[in-house]
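Sending over a structure as C-alpha cells; questions will come in a sec.
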C-alpha cells in the first residue's frame, strides 16, 4: 500500500507550549486577542487588520440569532430528549443549515465570484448584471441573494452591512454587482427584489476575499453560538415538550376512530 | 388537551426590524458590537462590562483549537464523505464533546459551585479542599480539573487564564479553591497534579457567575469555530482518505487469508 | 511514541470477496439471510437460532415507529432546511434519543442485570423486588420501566412482548423480576404502575443475554428506520415549515410592540 | 397568519392501542412480522409480497457493513469522546453518507429512472446506453454505478444482487440498462467498468419501483445497523484513541522545533 503523508499545519504542542497558527496560545492569544480575532486567525491563518476585523465582526454577529427557526426547534427538540448531551442539541440544529436556508449564501457568493473572478479587472457592472439576470431567467433558476418573503420591501440587514462596508473601505465591485442584480431583477420581474441579508453577506465576503466555499462554515460557526442561546432558554423556559405533544395531537386526530377519540 | 403556552424571549422581528435581546440588530448590533460581545449577549441577555468581556474572550479563545483530536478527525472524516454538507462535518465533530473531553469542565465547575454555593460567604479554603480530596478518594472518583497526561508538570494554559483573571479582578474564591484542590491532591497522592485547563476554565466561569450547566455550551460554540478551521484545511490539504485507507488496511490485515493477501 | 495495535474483526475484503463476521457477503448473506438476521449477525457475531430471531424481531419492530415525537420533529425540521442531506435529517432525529426517552431502557436493563447477575442462580423474586422498590424510594429515584403517562392503566406493548417471550421460551427470571417490581411499586405507591414498553424490552433483552450497555444501540438502529419513514412523509406532505412559522408567531407575539403588531 | 393544516398518516395511538400504517402494533406487528417487513411497512405503507421482501432484504443486508470507512471511524471517534451518548456516535457516522459514498446510489437511480421513465414502454436498451455514455462523456461527468477502485475487474456484489433479482422476477429493463451502460463505457473508455454495488442497487431499486429520492434513506437506515456494530466493537476493542494520538503525532511532527522534539 502506498504511503500517503498526513500533515496538519494548524497547531502543535509540547508539554509546556501550545501554538496555533504560529502564535503561542498562552503568551500571544489568551488575554491578548478576542473571540472574533481568534475565529479570523483559525480560518485565515493570520490576525486581521483593524478594518478587516470590524467588517468580519459585522458579518459574524448578523448570523448568530435568527429566532424560532427549523434549526433552533431541532436543537430544542433534541435537548428535550437528551439534556445531558448539550453538544448533540447544538449539532442537531446545525444539521438543517443546508440548501434551503444557508445554501443561498453559498450560491450568491459563488455567483458573484464566478461573475467577477478578478476584482481588480471590473467590466461594466450594469451590463454584467443584465446578463446574469437574463441567464438565470433563461435557465428558470432562482437568483440567490435577492428578495425576502418577510423582510420587504427592504431587508434592513443589507443596508446595515453595506454601511459598515462603506465605513471600512469594503464597498467595492461585488457590492455594486449584487445591488445591480437586485435592481435589474426588480425591473425585469416587476416586483420588489432588493438585496437580502444573504446577498449582502455574500457580497461583503467576496469583497474581503473569502472564497464562496467557506461561507457556509462562517454561518455554521456563528449559528452554533445562537443555538447555545436557545438551549439556555429551553433550560429555564421549555417549549419542546408542549410543542411536540400539541403537534402529535393535531397531526393524528384525523386517524383516530370516533369511538376512541375521548380517550386521547 | 391542556393548552400550554409557548414563549421565547430571545428575539423578535417585523418586516423592517430585527431585535435580539432588546437590541436593534441593524442599529445597535451590526457594526457596533463584536463577535465576543454578541456571544455574551446571546447567552446572558445583556452586553458585558469591559472586564467581563476580556475574561470571557480569554475563555472562548482557549477553547477554539485543540489540534488533531477525535473531534476534529470526526469532522474531517465526515467532510470526506459529504463535502457538500459543511454543516454536517462541523456537527459530527461536536458530537464527541461528551463526558471524556468536555465533561471534565462541567464536572469541575459543578464541584466548585456545589462546594462554594455562596462566593460571598467563603469558609476556610484549605479545609474545604482537604475535605473535597478526601471525599473523592473515599468514593474512588477522579477529581476533575487537575493533572494532564501530556501537559506536565504544569498545564501552561491554567496560569495564562489565571493571569487574565488577576488583571480583570476575577481572582476570587473559586480560583483559590481549585488551586488548593490541586495542591492538596498533589500532597496526598504524591505526584504532580496542578490545575489543568479544564479546572482553570471551571474556576474562571464560576468567578464570572456562569452556572456549571452552561459551561459545555460555551465549549461547544467555541469548538465549532475550530472545526470549521479543520474543514478549511481538509479542503486544501486532505488527510481523511489516506487515514481511513491506511486504518482499514492495518486493522483487517490479520483476517485476510494468506493466499489472498497479495491482492489487497 | 508507543505503537498501539489497531484491529477490527468485523469484516475484511479482497477485490473478489467481502466477508462479514465470517460469512461471505455474496455467497452466504445476500439472498440467504434477511435484515433482522443481518442486524443480529452484525451485533452478536453469529446468526441467531430460530426462536432467538423471533424474539429479536419482536423487540426491533416495536422500536421503529413512535409517532410525532421530539425525535421525528427534529428529523423533519432538519429535512426542511437540508433536503439534499437525508442522512443529516435522520441523524438529527437520532440525537435526541438520550436520557429522557431511551435512557429508561438502559436504566431498566441495568437495574435488572445488576440485581440478577446470574440468571441461573435466582433468589426469591418477590423479596428482591421489595428490596429494589424500597431502595429506590429511599434514594428518591424514579424506578425505570414501570408506569406510562399516556398508556394506562396498562401499556399494551408489554404484554404483547411477554407473549412472544412465552412462545419462544424467553419467559425467565428477568421478566418475572420486572413484573414483580411493577406489582410491588403499585402496592407501595398506591397507583397503577405496570411494566411499560421500556421495562418489557429491558426484561426481554436481559433474558436474551444482551448487555444493558448495548440496548440503546438497538433502539437507535430501529429508530433510524422509523425516521426515514418520517422523511418520506415530509417529502410528500410537509409539516415542518408550517409548524415553525406558527411557533415563531406564537412564541414571540408578546415581544412585538403594539404599534407594529399589524405588520407581522 | 394563515392556518396551515398539519397532518401525519403514519401512526396513531390511544391509551390502549398503537396503530402503525393501519396495523395494530400489539396484535398484528409484534411477533407477527420481522424487522425487514417492518422497514418495508414503515417506508411504503404496506406489507411486502414474498418476492418483494426477498429482494428488499437482499438490498438491505448489502448496505449494513462496509468495514473501516470514514463513516465508521467518525462513529468510533465520537464514541471515544461521548461513550454515554451512543446515539451521537451513530449519528456522527451517518453524517458522512453524502455525495461521495452514497450519492452515487442516488445518482445512478436517478439516471436510470430519468432515462427509462416508463418501465412498460422500453426503447432499445443498447441505443439508450450508447446515448447515455456519449452524453456523460460530452459533459465530462462521471457515470454513476460503474467501476470500482478496489473491487475489480468485477464488483462481486453486483452479480450477487442480480442473481436474487432473477430468482424473484425483478430482472427487468433497469438491470438491463445498467448492465448495458457498463458494457458501453468499457468499450468506449477501453477499461474494465462493470456495474458496481451502487449501480446494481440502483437498478434493483428501480425495478422495485422505489423512487431515486428515497434510495439514500434505505442506505442510511441499513448503515445505522452497521455503525451500532462498530460501537459494540469499540466498546471491547477500542481503536479511536490510539488512532488519533498517532495521527496527531504524525501530522504535526514537521511543525515542532528541533529543540523541543524530544519532549513530545
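A few remarks follow.
Per-chain residue numbering starts at 1, and chain names A, B, C and D are given in the order in which the chains are listed.
Criterion: contacts are C-beta pairs under 8 Å (C-beta built on N, C-alpha and C of every residue); 3 or more make two chains touch, one makes a residue touch a chain.
On a predicted model such as this, the values are computed, not experimentally measured, just so you know.
The most distant chain from subunit B is D, comparing centres defined as mean Cα coordinates. Between subunit A and subunit B, two chains of identical sequence, the interface residue sets overlap for the most part, with shared numbers making up over half of the total. Taking C-D and A-C together, the pair of chains sharing more C-beta contacts is C-D. Separating the centre of subunit B from that of subunit C, both taken as means of CA atoms, is a distance of 30 Å. Distance from the subunit C centre to the subunit D centre is 23 Å, each centre being the mean of its Cα atoms. The centroid of the Cα atoms in subunit A and the matching centroid in subunit C are 35 Å apart. Touching of two or more other chains is recorded for residues 6-9, 11-13, 15-17, 67-68, 82, 84-85, 87-88, 91-92, 95-98, 102, 239, 243, 247, 251-252 of subunit A. In terms of which chains touch, the assembly is arranged so that all chains touch all other chains.
Touching subunit A in their complex are the following residues of subunit C: 67-71, 73-74, 77-85, 88-89, 91-92, 95-102, 239-241, 243-244, 247-248, 251-252. Across the interface of their complex, subunit D is touched by residues 6-9, 11-17, 19, 82, 84-85, 87-88, 91, 95, 247, 250-252, 254-256, 260, 263-264 of subunit A. Within the complex formed with subunit D, the residues of subunit C that make contact are 1, 4-13, 15-18, 20, 25-27, 29-31, 33-39, 42-43, 53-54, 56-58, 60-62, 64-68, 85-88, 90-92, 94-98, 102, 150-152, 154, 156-157, 159-161, 163-164, 167, 213-214, 216-218, 220-222, 224-226, 228-233, 235, 237, 239, 242-243, 245-246, 249.
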